[in-house]
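In the two assemblies presented below, chain A is common to both, partnered first by chain B and then by chain C.
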Partner chain A sequence: MNGMRAAGALALGAVLLFLLGPFVVIALAGLSAGETLAFPPQGLSLRWVIAVFGMENFRASFWLSLQLGIGSTLLALLLGVPAAYGLARYKVPGREAIRTVLIAPLIVPGIIVGLALLRHAVIPLDLGVTWALTLAHTVLVVPYAVRVVTASLDNLRTDVEEAAVMLGATRLQSFFRIVLPNIRSGIIAAFILGFVTSFNQVPVSLFLTGPGITTLPIDMLTSMEFVYDPSIAALSALMALLSIAIVAVAERALGLSRYV
Partner chain B sequence: MAPQQFGAGRAVFDDRRIGMALAAPAALFVALAFILPVAVLLSGGFQGVDGWTLARFAEFAEEPLYREVFWRTVKLGALVTLTSAVLGYATALAIVDAGPTWKGRWSGLVMLPLMISPVARTYAWIVLLGRTGFVNQVITGLGLSAEPLRLLFTETAVFIGLVQLFLPLMVLSLVSALENLPADVVPAARVLGARWPTVFFRVLLPLSREGLVIGGTLVFTGSVTAYITPAVLGGSKVLMLETLLYQRVSVASDFASASVIALILIVMSVVTHALLKRASSARKR
Partner chain C sequence: MSDPFLNLEQLSLGYGASLAVPSLDLAMAEGELLALLGPSGCGKTTTMRAIAGLLAPRSGRITLAGRDITRVSANQREVGLVFQSYALFPHLSVFENVAFGLRLRRVAADEMQRRADEAIAMVGLAGFERRLPRELSGGQQQRVALARSVVVRPRLLLLDEPLSNLDARLRLEMRSELQRLQRDLGVTMMYVTHDQSEALALADRVVVMREGRIAQQGSPVDIYERPRTAFVARFVGFENVFAATLPGRLQPWLDGQPGLAWRPRGVVLGQGPHDGKVLGASYLGESVEVLLQTDAGPLKAQVAPDGPRCVAGENLKFDLPMSSAVALES
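Right, the complex of A and B next:
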């Protein structure tokens, strides 16, 4: 048994090294004091991390990604929360079918969504780049919003609402005073999940970005081809840290893993 | 991570119209902003000069480059899934074997990469596999080769990148499946004289089969529909279906091929998701 234990521990260690090692590599490469991208780095310094904040193009694309993430997730929640509630608590005909429709964007590869929207919505309707991206990202996030909030609602006992209605509360009152506070952590979890999904998204946005207007991940992707200094590595490390921090906080505060 | 069977809550209120009104905006939005445009895009694959035709598909299949890309995508998908299964079982078994506190910690560590943008995750391989990258430094330093090896823009590089991207999904799915096994199954088999290979292939594997199917379909779909990893690590030398699609549209405005590729991708994705649903609902029995 000890032999197997040792083998198992070795496997675990090797796999974790394989999965997490690249982040250490990227972080160290981004902390390089040198001029070119290298690992091991030629000395450690924060110069590139600081420099990245000053790079105009990255600042602009970061800002766009941030606004896009917040905007599209809010829209998705605005659409998704009522839908989740309506489908969970009311005997709607074709409930499963509607649910499938709402979840459908998850199954289609993002690049197809982006291309389809470009050809058959953005161009015919002459939408601006920002609107196009917002539309696409909202489509992407709605399934997450619906799924997470539905999970939340499933965990909420319905007799509390029924009791409220019996005692004279209107449905609206019952929703805002009883349901909403109780699914609040679910909604926040959906927001975080949606935001992270939108922020890191590449395929959907590929066909929809315009000259000078692009998301941060795509900006990084295109820069990779001609940038040979550690700036992208520093940026990657920062983005990774941001994502980890958001999810760690969410897990601590809300138990994010319950909803996923 | 097994998809939960959601929406199992009891419908409470009888007023269907309110329910429909609440769900309408979202449903309409998804229908108009997603289903309609995608359907129109896919229909483009069936359109010829005089109307409906399958000629586009025939043309696609005749082009050697497209055939090569298709089979490469399927091949890499299968290889990544197989490798993830092997590594996944080793890792999952070690995790499940650990005590309750460590199990959560190891799982958390395995899940960590999933939170990070694929762009960052893939970029690290450029640093490691480039001509002056770490791996080549070691290889030339140790004298294993006089020249730095070309490791980037190869199928191997894409393969490695994809395994790193999707292995956590397999591990988590298997951990979930193995956790639910009764604790005395393995000791019982051992007491009855089974050796480890037998224990694995005849006890653990069959019992955790659904976790394997779920993990496998997630990994396969992900690999086959990947964009960033093939784009960064494969470039135009190692095209996969999505990078081919991007190239056809952005370079040649070849929307007919784009529609065909889109259809292939969707069919693959839908079929594997249907299998996924089968496997996870079978679990409920």
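Right, the complex of A and C next:
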């Protein structure tokens, strides 16, 4: 029995090390006082963390990522909430097939989604970089919007909507006054998941960024090829902290893990 | 009833391929309290949903207060519906639940406040205005559902199994509350139930439904004392149905034949022309329920506890007096 226990603890430790190790390594490397990226760090200081905020290219790509995350997630919700509602409440022919297609971007490797969008949408339609990125991230986030909103719709009884109609509401009024307020936390959860997905996105964006216009993760990726100082590590740790903070706040406020 | 308030004419209702109600004619007078009674699947809820406008009829016509509402959408019908599950808006307070219909009708703020307060007070929930539905008991939730429906003054109020989710004590209380409400507001009410005692205690008129058709309608006394078919007879407690043949001979009743029916307490044990074998007896306090096996099938009797001794397996004489029988049509 004790042996089993010890083995379990060991396995758990290994998993945690595997999950958290890279983050710890990067965070420590980013706190280095030295001139080059190294682990263990050469002394500890905040100089690279502070330096990151002054780098013009990172500031520009951070703003783009932020706008992209918010914009594409809002667009995805605009598409995903009505889609989830329609699929949950009406007898749509081929409902299961539609659901499967809607969550496909979660399963298909991002690099394929990116390439396909580049070859068959961005180039033929001659879309600019910003539009291309917005389109791609929206496509990527829609599945989260549909899944999470569907989960909260399942918790709302349909006779509540019928009750609203019997009191004189139109279908639209019942949607805005009754359905929407009751799935609010689901929508917020979908927004947070969507934003984090978009903000940290690499493979899909890889094909679609252009010269001078790039997202933060892609900017970091390209910078790594010719920058050897610890700024990349500091920035990575900051990004990870931001995502963790958003998800932690959401978990405390609405129990995000219920929806995933 | 020359000009019925609510009139269903040859109403045909169904879901998908199945036809729940083939052709229903039913009329209601203004201010009437009518119960649709029947076992589950008899079409009573389907009929109610069609009157509410939540189910489009295959064919037929519905008129309410002289207006053809067959194609009028549910939110324009001036029909209220109290759901079996209450269906309160979970995110809104008691006050906002009740005020919902008034807000949609753009009633002025002071009038809305007054009418909502009045409706809440009428169902005895004054002081609970700011509670959320989940903070209320089942009985209180039902009252909110009721207040929410009557505050907009519907021409017709429909109630789906209004008492079925309440415990016995609350059920009695709510029963008289509904009667009082109906008297005070004069609102025309139709409610659906599978519970005969509920239908008999509340309604002015009872309509018994079976397989989408009206089996019998009449006053509660009519239905309870003079059922006309074996189905209705069994439903209101005439559990012993036999064929109506020569007196003194007991024969099993077959569908389509005229019959005679007796309640268990209409059966006399210990004397009489018939013989049966006691299958079992259960003591119910005020009476004893005895199950007999006869040549014409099982028989249920209910007798006083000081009556004849009933030992399982023994033979017992019994009588089915004509004075306690009802005659059934074929």
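Here, the second predicted complex is superposed on the first by the 260 of 260 C-alpha atoms of A that agree within 3 Å, B and C clash if a C-alpha of one lies under 4 Å from a C-alpha of the other, contacts with A are read in each partner's own complex, and residues count from 1 in each chain.
Going forward, a contact is a pair of C-beta atoms (placed from the backbone, for glycine too) under 8 Å apart; a residue touches a chain by one contact, two chains touch by 3 or more.
In this text the structure is predicted, and so the values were computed from the model without any measurement.
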For this session: Once the two structures are overlaid on chain A, check if chain B and chain C clash or fit side by side.
Result: fit
For this session: Check the residue A:L167 against both partner chains and state whether it touches chain B (first), chain C (second), both, or neither.
Result: second
For this session: Pick one for A:L221: touches chain B only (first), chain C only (second), both, or neither.
Result: first
For this session: Quick one: classify A:P181 as touching chain B (first), chain C (second), both or neither.
Result: second
Exercise. Is it chain B or chain C that touches the larger share of residues in chain A?
Worked result: B
For this session: Examine A:I111 and indicate which partner it touches, taking first as chain B and second as chain C; both and neither are also allowed.
Result: first
Exercise. In the superposed arrangement, does A:V247 touch chain B (first), chain C (second), both or neither?
Worked result: first
Problem set entry | Smallest separation of CA atoms, chain C relative to chain B, angstrom | 8
For this session: Overlap the chain B and chain C contact sets on chain A and report the shared residues.
Result: 156, 162
Exercise. Chain A touches which residues of chain B in the complex?
Worked result: 1, 4, 6-16, 18-23, 25-27, 29-31, 33-38, 40-41, 87, 90-91, 93-95, 97, 106, 109-110, 112-113, 115-121, 123-128, 132-134, 164, 167-168, 171, 196, 225, 227-228, 231-232, 242, 245-246, 249-250, 255, 258, 262, 265-266, 269-270, 273
For this session: Mind listing the chain A positions that touch chain B in their complex?
Result: 4-5, 7-9, 11-12, 15-16, 18-23, 25-26, 29, 37-40, 79-80, 82-83, 85-93, 95-96, 98-99, 101-102, 104-105, 107-113, 115-117, 119-121, 135, 138-139, 142, 146-147, 150-151, 153-154, 156, 158, 161-162, 171, 196, 199-200, 202-203, 206-207, 217, 220-221, 224, 232-233, 236-237, 239-240, 243-244, 246-247, 260
Problem set entry | Contact set on chain A toward chain C in their complex | 156-157, 159-160, 162-170, 173, 177-178, 181-182
For this session: Report the residues of chain C in contact with chain A in the complex, numbered from low to high.
Result: 52, 54, 74-76, 79-81, 83, 85, 87-91, 100-101, 104-105, 145, 148-149, 152
